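Below you'll find a set of structures to go through.
Two complexes, one shared chain (chain A), two partners (chain B, chain C).
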Partner chain A sequence: MTKSTVLLLSLLLAASAGLSLCLGSFPTPPLEVLGALTAPQNSDITFIIWELRLPRIALAILVGAALAMAGAILQSIVRNPLASPDVIGITSGAALAAVLFLALLSTHFSLHWLPFAAMLGALISALLVISLSWKNGINPSRLVLVGIGLAAATGAGTTLLIVISDDAAAMTAYVWLTGSLYAAQWKDVEGILPWLLVPVPICLAFARHADAMALGDSVAEGLGVPILRSRMILLACSVALAGAAVAFAGGLSFVGLIAPHLAARLVGRNMARLVPASALVGALIVLYADLLGRVAFLPKDLPAGIFVAGIGAPFFVYLLHRTRRQR
Partner chain B sequence: MLRCVLLAACATLAYAIAEASEEQPTTPARIVTLYQGATDSAVALGITPIGVVDSWLEKPMYHYLRDALTNVEHVGLETQPNLEKIAWLAPDLVVASDFRHARVAPLLSAIATTVTAPNVFGFRTTLTMIANATGREAQASELLQRWDARVADFRQQIAAQMGNEWPQKVAVIRFKSDHVRIYTSGFAGSILDELGFEQPDTLQTQGWGMKLSSTENIPALDADVIFVLLEPDDAAIANNYRHWSSHPLWQQLSAVQNQRVYEAEPVSWMMGGGILAANAMLDELYSHYGLTQPLPRQACRALAATSVEQTTC
Partner chain C sequence: MSPPVTDLSDQQPRLTGKALSAGYETRPVLKGVDIAIAQGKLTVLLGPNGSGKSTLLKTLARTLKPSAGHVYLDGKDIHHSNTRDVAKRLGILPQGPIAPEGLTVKQLVGMGRFPHQTLWRQNTKQDAEAIREAMAYTNVTEFADRNVDALSGGQRQRCWIAMVLAQKTDLILLDEPTTFLDLKVQVDLLELLSRLAHEHGRTLLLVLHDLNLAAAYADHLVMMCDGRIVTSGPPSEIFTAANLKRVFDLEARVLHDPESGSPVCVPRKQPASGLAPIQ
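Up next is the complex of A and B:
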């Protein structure tokens, strides 16, 4: 069922993107949307479809996919189902850097640098987590514990910065921390794309190593897997994916944790299938969260982050319930 | 309540004056304002925007602007205005602020001509900017001249009344449910500065101001006069105010001992952010200090208070 599941998820994602493209401040009939897509010059809603809805939908899909894949990779290399980019400090490192930028540097530098700041934060905190937990290689449980500690410390730093910065910067920081796809533009889509195009093939190439490591280090070693190298490469992929997502959409939490679990319940823990399935599930979650933010409380446009947990959690409970009954 | 009525009356009045003295054909007619001060200023210039953002208090729109803005579309929050809604409204001018809307500026410019102010509280900048974009320079300079005359009058009267005690050091304090903020710059700060008030020594190096979360910090609030901003419908804020103001340290503040703590209207002192709000804030200051207002303004208030037909005033 797994191959068909991935296909089904892809179809569902395409249909959802289509639905999202038809909904907004005013619902647009699908034919009109199609008209604007195929013949932009003849349509009076071209701007709304091409410049407002489409880039936002594209970014939602990419960000959701990146976070979910980052989570799936991380969960498999540290062999801990509770690991996710938010839990081990990558997201919070990025958040601290972003808030630091908003509070102290945004008067001197253009906001276009914000993604770079966030990315740098993600990278620094990943390096910190790795070096602090290093002891003859990377021990997964040490990695998680150090990561949780670092996440708490950077979280405290973020709170402190928000408290000492003025109201307006604090408000921007709050919106950013919630995670939002508001005002996504094509340049954001172009900006995030390389960060997915590079790590995804690498991580798929190392999928077998990850599967072997999931059986335990000694088994993996017996199977001839260069544990340290594979683990470092996969970790780097995870950091790049999570860092990119956070850089372009802010602190969308929960997707990286829950999407891989949802995907695993659908296709199993085999990495070559889990990664694409997670990507699709993550994309769906963020896409619907943003759709809700856009249309549920009109005329307000709310950050997608508010709805991510609200959408992910019920699905998760439903899946848990279903698999329990099957047993 | 009375204050609200007055504010509303004066807003309508400014609107009526601007409307009446309108001669040249209005260039951009469909205007969307994306921050509070822009909405206030547009109304002051006699413009009815086709789209505005939600107000911070008295949601969805401040009472003093409601009469002028009946049936106007709302385009969401100032921090995250709904771009699609704005695009549907097909405006020919969008008034935004770099400070809030830098990220969406390219999209706004693609929707319509966009003018931006560097911050959201510079009411003069906002007013002249909107006036220039809509060909209402004359109205704007009239409004600003009237403002300057009022400021000059206030400065003269208060200096005469206070004598040696002038200039006073002033603290503007806003109570929230779990902390207290003291503002040094921004809307109220710049106006108080213009009026000749000074800042307490403790605050001069503090940038925008401070957040105080413990009553231990009360001495930092010491000033000759304190203006307290509360939010009328929030019980938690009222409670916190009661808690702080009953503290022994509060009782030792010189403004408290001299009975110079005044409650001020947060909408006119902070949220409105435009020339109408600035004038309302100045009205409050006149009445707190028991100063007499120059005639035209007073006539308007008297008429409005007795609810004589507003258009005659």
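Up next is the complex of A and C:
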């Protein structure tokens, strides 16, 4: 049943990508899209499909998948359903670094370096959260609390920077913070790809460890899980995935929180299934959020982050409400 | 299950603790404890709250590092052994484990196979057989596809025990496996656990709270107070009014069950006038 769920999600994603290819400020009939895909010509349609829509769709899928997997891993290793890369400060660290770059360094360096700045920010904040919550190893609840605190602090820093920087930089920073796939190019897709290709096999290899740790530290220890090492490796995978997504698409919040929950409803909490299912659900969410942003308010092209948050925020409240009722 | 073994009592203990001191943060709990767990027996750690019985069990299980002393499993320091190798020989069930939402009984029991599996070798015939046996032995086969969190307390505890059994270890340590369960359920669990020792040659170490159940089911009792072992031996020898007074500060008479001969304690009621102030 779960295998067919994953297959179904894959088919849905493929169909959605196809739909997304046809829609835009210049709607294209499916047959023409197919023609441009199979036999590219030196035409406007070929350009629109190959250079504008296809890389953007590919980036949306990769970013959504990365954020969702980062969230799925994080939620399982800290045993907290409310954990996600944006809740525990990884995303906000990346955002602060990115805004810092836009406000202070963008006159000296090309914007191509922005992803690296964001990735560095994600890494630094992850290291900060881990070292500040360290106490004979990683204590999951301390990790979440310290992360929330750090997210608040870096958020304040980001706001301060936007307020004091000039209008143009502030505007760019603002759009980046919302999370946008506008003007995505093939080189972005190539840039993010290694950040998925490395962590995904590693975290699948450690899926059993994550399942065991979900039973609690002492049970996992009794089963022979090297807890500290496994948790560090999985955490590193989560940071790499989240950092990469944020670096290439900005502060798309809530995908990392919602997608794993939706996926868990479909396939259960078994990590070997949850990770691929989350990736597909996350990809679908970002793909549709971006499609809405592209076509719903034509001729305006709105950041996908608006739509993700629009659905994500109420879902977060619902989740909090449900956890409260359980107690 | 392994073939029935009649007596292992002359065998060398495989799990021993030497001069163990351990505790949390700045509060020392264990103060130089020496212990050897008798092979093929059901040993029960008994003592008042805060006496260090759970701390001792956790230290022996390697989940807690001692501040001084060593735990040896088959002659090797357990805290410096490969944790997966240890998990093939020693299974533990901590106090009050919580299964994640949506986990099925079969998945939980299957987790017991973790130390025997590698990335390339999963769900082998041996795994399936161990899981089937463990579920059958603990009577949870009929719930196999139900969610653990939807079961009753006693059923849930049987599932956790099945998980430890699927691990196929000769040594099994359980921290208060019967707490918060109905008396009947506690008795059923202890019957199951003592059969493991007596019919299948497993070595069990339990922390229990109930004095009479401990006296009825233990082959060997270890009484602890204030981080030290006060006395140990078979219940018939050490489950006495004097020891209960010494260890628990409990005024009680010890009677003997006419059928089994095992000792039973009955608290002495205070005379109405001499009510002790509530602490």
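General remarks:
Note that the second predicted complex is superposed on the first by the 306 of 327 C-alpha atoms of A that agree within 3 Å, B and C clash if a C-alpha of one lies under 4 Å from a C-alpha of the other, contacts with A are read in each partner's own complex, and residues count from 1 in each chain.
In the analysis below, contacts are C-beta pairs under 8 Å (C-beta built on N, C-alpha and C of every residue); 3 or more make two chains touch, one makes a residue touch a chain.
Only a predicted model underlies this, so the values are computations on that prediction, with no experimental measurement involved.
On the superposed chain A, the two partners chain B and chain C both fit, without a clash. In the superposed three-chain model, the partner touching more residues of chain A is B, compared with the other of chain B and chain C. After overlaying the two complexes on the shared chain, residue contacts for A:Ala264 are found with chain C alone; chain B is out of touch. Looking at the shared chain after the overlay, A:Phe26 reaches chain B, while chain C stays out of its contact range. In the superposed model, chain B and chain C sit 150 degrees apart as seen from the Cα centre of chain A, a figure rounded to the nearest 10.
In the superposition on chain A, contact is made by A:Val225 with chain C only, not with chain B.
By the touch criterion defined above, A:Leu298 lies against chain B but remains apart from chain C after alignment on the C-alpha atoms of chain A. Superposing the two structures on chain A brings chain B to within 44 Å of chain C, judged by their nearest Cα atoms.
Once both structures are placed on chain A, no chain A residue is touched by chain B and, in the other complex, by chain C.
The touching residues of chain A, counted against chain C in their complex, run 79, 205, 208, 211-212, 214-219, 221-226, 264, 268-270. For chain B in complex with chain A, the residues that touch the partner chain are 54, 73-77, 79-85, 87-88, 99-100, 102-104, 106-107, 110-111, 120, 181, 207-209, 211. Interface residues of chain C, counted against chain A in their complex, comprise 58, 61-63, 83-88, 90-94, 97-103, 107-108, 111-112, 114-115, 117, 119, 122, 164, 167. Of all residues in chain A, those touching chain B in their complex are 24-26, 47-48, 51-53, 110-111, 163-164, 166-168, 171-172, 175, 180, 182-183, 185, 294, 298-303.
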